[in-house]
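Here come two complexes built around subunit A, the first alongside subunit B, the second alongside subunit C.
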Partner chain A sequence: MDWGSILNNTAAGLLTPTTLAFALAALGLAMHFGFAGLLNFGIAGFMAVGAYGYAISVLTFGLPWWLGMIMGVVASVIFALILGIPTLRLRGDYLAIVTIAAAEILRLLFLTTAFEPVTGSADGLFGYNAAGGFAEANPFPVGDYGFGPWTYNEQTLWVLVFGLIVLSVAVFLLWALMRSPWGRVIKGIREDEDAVRALGKNVFAYKMQALVIGGVFGALGGIVLATSANVSPGIYVTSLTFFLWTALLLGGAATIFGPVLGSIIFWVLQAFLTNVLPALAESGILPVSGIQAATLRYVLVGLGLMLIVIYRPQGIFGDKREMTFVK
Partner chain B sequence: MSNNQTPEKATNLHIGKAEPGCKKVDPILVIDNVKKSFGGLTAVEVAHLEIPNGAITALIGPNGAGKTTLFNLLTGFDTPDTGTWSFAGKDLAGVPSFKVAQMGQVRTFQLTKALSLLTVLENMKLGAKNQTGEKLINALIPSLWRKQDKALELRAMELLKKFKLDAKKDDFAASLSGGQRKLLEMARALMTDPTLVMLDEPMAGVNPALTQSLLEHVLNLKNEGMTVLFVEHDMHMVRHIADWVVVMAEGKVVAEGPPDTVMKEQAVIDAYLGAHQDTDLGVVTGRIDIITEEETK
Partner chain C sequence: MTFLSERSQALLKLLLVTFLAALLSFAGVSTSAQADAVGEEYEYGISGNVRLDGEPLAGVGISVSGGGYEAATVTGEDGKWYIGVPGGEGDEYLVKLDQETLPEGIAVTEGDGTANAVLGKAKPLIQNFFIGEGERVTVSMFDQIVARLIYGVNFGLMLGLAAVGLSLVFGTTGLSNFAHSEMVTFGAIAALVLGTLLQFPIWLAIPVAVLLSGAMGWALDAGLWKPLRKRGLALVQLMIVSIGLALAVRYIFQYFIGGGTEQLPGFGAPKITLFGSVALSQTDLISMAISITVILAFAWWLLKSKTGKATRAISDNADLAAASGIDVDKVIRTVWIISGALAGLAGVLWAYFRPGIKWDMGAQILLLIFAAVTLGGLGTAFGALLGSLVVGILVETSSLVIPADLKYVGALVVLIGILLFRPQGILGKKQRIG
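Our next item is the complex of A and B:
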């Protein structure tokens, strides 16, 4: 077994466009679930809306990249409103059912051949980063940057820097919102919305605002992912939603940095398992084939999710006292 | 104030005879033809009811009389099938619950709703109305709300001191005892500057040591100019602090009046003990005759 290359690849998982996109989307989930108590199982749908909104704006309507990204965000706001208006008056579980269904409907709409000229169907969309001028806006000259496992060419570096800027703004926004009286109302709604209603707060309006803000974070995650990879319906599947939930719960649902660090840990672990499991299979330690070993990591993700929820529901960065009073 | 002394009662609240639906000198809440049924069961059917302003009114009645349902209807947490009601002259039918609370009619719940994973102080601050920082846009600019928040904190601490919860201000509400949560919920309701406080069973599940202080808090509300309407099963409490008592049974108001007289009314006794408690049911049949030893021989 080549431990050097395994560790090298694992370390590289620390900072990739996917990690940043995950952190953004998990931040959106933290807003939804961790702070407002909204059970959103359709975060992959929000990411898809952001990514497709950006790509379609550029490719079909010829908008510049930044305007295309704004359109992606606008689309996610509309998506949140459409989801929220009928469901936010109902009990929390209905939102979970509706969001998971809405995300699937959306994915199938992007997949169907009926809209192939616009959505690209199963092939997805590509070339928008060049067409919209995102690649051209790269301020870094051609060359390799960084060291060791963190060596990037100028394109990847630009994607990473862009993603980091978006992520920092999102983290700051969430932090600023949650320390304010607005955040207090949101947390109150998570605990008991009738009590908050009895104190004269318009609970529906607050829940809608939380749904929109979290949805925008999710869309930004989709956009950051789209700057590094093609937009394809195969990415925005339900399992993406559950990976994001794992990352969120790993870090701590009701925390600001929890989702970010949870995403990093999730992807470092993924990178490690992707490398180490096939290696173990090859050297005969695991009695399975290399391909089986590679899929074993998803089994471990599920197992990990269960263990977190049972033994550490507040996540790594959550408040210890919260655990004592699990409802 | 001595513990057992009967507090001064507000009198002359009504006009004419004290009977169900009688007029009040200065009503704050006027209810007309409010009806609510769940399937075939009519939970509430109140033809006319006025709640006097500036007094403590108790709403009593056996289990299932519709007291809590009436509370829910009056505060917008449930919608009646028919009926109108007004609060301080403003029509409240169809007004959502949060607007009812903003108008100054605040309620607490039978099952206490402490916001468990917020601290006691956060619970209190949440109660205050018209906070600049609760608007999404303002929330991002602390200079807009910081001063108001500090002022709220002072007011919250004052109230917490009164309710003897000030030492707990940084604890999660979940760590409070049942009685302390009742106190917190009442204190939090007071943060909204209400004119009418509606308490749904404030004494349920509170230990006797806390009862006395809760009673005094309710009395203080009246002294501070608020009107109180409360649901309670504890008759001692009702007799001790209520100025006016409304008795409900099977969804209807069956009696009202000052506490000393209303408790003696036949309708109230019937509501609590059953209308046939004195009726002779005749010879009880079906008993086995006692067989004496002589007969067996």
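Our next item is the complex of A and C:
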């Protein structure tokens, strides 16, 4: 077993475009669930709207990359409004089922051959980073940067720096929002909707604002993911939503840095398991085939999600007093 | 509610529905504009060349289905088409040439425009049709609708088996069980292991698989849900636990049976023509008979038996039921066993309907089951049944109007639509939606 390369690959999982995209989307979920108490199980749909909005704006409408990304965000705002109007007055588990269904509807619409000229069907979309000028806007000259496991070429570095900037802005925004009077009302809604309503606040409007803001974070996650990989309907599946929930609950739903740290832990663990399980299988320590070893890590994600929710529902960095699971 | 006035909300609802409907109808219209090659990411594929007297025919619709996979394309300017398929050597696919898309007076001269293609070593497999002048055997719209309705009822009954269990569990414990889909898959895999690995005859394998599924429901309640209820976990926590469980179990299935599709014995039974061009296979007919029998038995149990009455009492008010001497834990245990057994049976029938057994086959219909339960009214068993029939018929008949790969979308749009106008569902009670 080559522990050197296993640890190297694990360390590389600390900072990848996927980790950053996950952190952004988990931040959106923290806004939805952790602070506003909205059970959004359609965060993959928000990511898909952002990513497809960006890619389609560039490829079909010929917009420059920055305008395309703004279009992706605008699309996610519209999606949040469409989703919120019928569901925000209903009980939590209804919202869960509707959001999961809405995300699946979106994925099927992106997957169908009927819209192939625009969406690329099962193949998805690619080449928009070059066509829209995102790749060209790279300020870094050609070369290798960084050290050890964190060595990147100029393209990856640009994607990472871009993602880090977006993530920092999002973290700052969420932090500022949650310590504002607006944030206190939102937390109040999570704890006791009727009490807030009795104080004369428009609960529906506050919830809608929270849904939109979190949705925009989710869309930004999708956009950051789209800057490094192709946009394809196979990415935005229900499992992605569940993985994001795992990352969120791991870090702590009602915290600012919890979603970010949770995403990092999730992907470092994934990178470690991806490397170590097949290696264990190969060296005969685990009596399984290579493919089975790769499947095992998803079993572990599921078990991990169960254990966190049962034994530490506030997450690693959460505060027990901040009741996330209101009965 | 000052954010939107009642009136403008109603208008928004209307706009939303119109928008979704427009989207769907647009999808239906634009099918003729697709490219001539689909599924090129798969290793294997089927291709052909549609010609009439040596001249290529463009725009002829071709579809391929099998193993739960469906794809369609139209021939290009050169008359050629290509459809990639996910299967491997030995897998069988049904290739269909849509005779409606042939020019006037032209038809497939041998056969009815469908062919079974078995993948071999050659990639891609060539499948051509003989085309010439002739009378086209057209399937009348009426026959198509009747056939789709029957398929829809079959699919709906199968969904209903799974949905009543989900609904009962929700009614008695408040849990939205996302792992219900894995109980569906479990039933099918149990039948597969018994039927092909242990060589049980199929009439024995299926009942044993259903019993095992019931045992699985019991084990889940005894080992997981009951202790968690005693710990006092919130409902949302329980729901997320069920999601974790669903993920874990789904990948455990993949771990054991791999990512491919397996068939149960008796798959591909000959079709029986009922009337006109409406034909059903033996398995379809048996499946419907089983569903109806089991659902009637279930209804009798729920309405007449003591435990059934107790179940309904707990759904209405658990505390009151406990106070009047009903052993709530015992009833919930029974509900889990029944829920598991019905889900397992639904899994076996779903395996014949798809056709094929796959590690995520249950997850594929989980949202439809939820749609059915919500449509009928969360927590009402007969509502779930009614909702299932509506969803099943809707899914099957909608593919007459919209592309086949969007047929689940219609049901999910209806799910959101029903929440706009009647959130408590068809048979639900208003106070449940809070």
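In this text, the second predicted complex is superposed on the first by the 319 of 327 C-alpha atoms of A that agree within 3 Å, B and C clash if a C-alpha of one lies under 4 Å from a C-alpha of the other, contacts with A are read in each partner's own complex, and residues count from 1 in each chain.
Simple rule for what comes next: a residue touches a chain if its C-beta (ideal position, glycine included) is under 8 Å from a C-beta of that chain, and two chains touch if they have at least 3 such contacts.
Note that this is a predicted model, so its numbers are computed, not measured.
When the shared chain is aligned, subunit B comes close enough to touch A:R184, but subunit C does not. In the overlay built on the shared chain, the residue A:P64 is in contact with neither subunit B nor subunit C. If you count the residues of subunit A touched by subunit B and by subunit C, you find the higher number for C.
Touch criterion met: A:A176 reaches subunit B, while subunit C stays clear of it. When the two structures are aligned on the shared chain, A:T87 is found in touch with subunit C, with no touch to subunit B. Look at A:P313: by the touch rule set out above, it reaches subunit C but stays clear of subunit B. By the touch criterion defined above, A:Q292 lies against subunit C but remains apart from subunit B after alignment on the C-alpha atoms of chain A. With both structures placed on the common chain, the touch criterion links A:K201 to subunit B but leaves subunit C unconnected.
In the superposition on chain A, the residues of subunit A touched by subunit B in one structure and by subunit C in the other are 202, 325, 327.
Touching subunit A in their complex are the following residues of subunit B: 75, 77, 97-99, 101-102, 106-109, 113-118, 122-123, 125-127, 129, 131-136, 138-140, 142, 145, 149, 172, 174-175, 185, 188-189, 191-192.
Contact residues of subunit A toward subunit B in the complex are 173, 176-177, 180-185, 187-188, 190-192, 194-203, 209, 254, 321-322, 324-325, 327. On subunit A, the positions that touch subunit C within their shared complex are 39, 82, 85-87, 90-94, 96-98, 100-102, 104-105, 108-109, 111-117, 121-123, 202, 204-205, 208, 238-239, 242, 245-246, 249, 288, 291-292, 295-296, 298-307, 309-310, 313, 325-327. Listing the residues of subunit C that touch subunit A in their complex gives 1-4, 9, 12-13, 16, 23, 27-28, 30-31, 33-35, 38-41, 71-73, 176, 228, 231, 233-237, 239-241, 243-252, 254-255, 258, 363, 367, 370-371, 374, 378, 403, 405-406, 408-409, 412-413, 415-416, 419-420, 423, 433-434.
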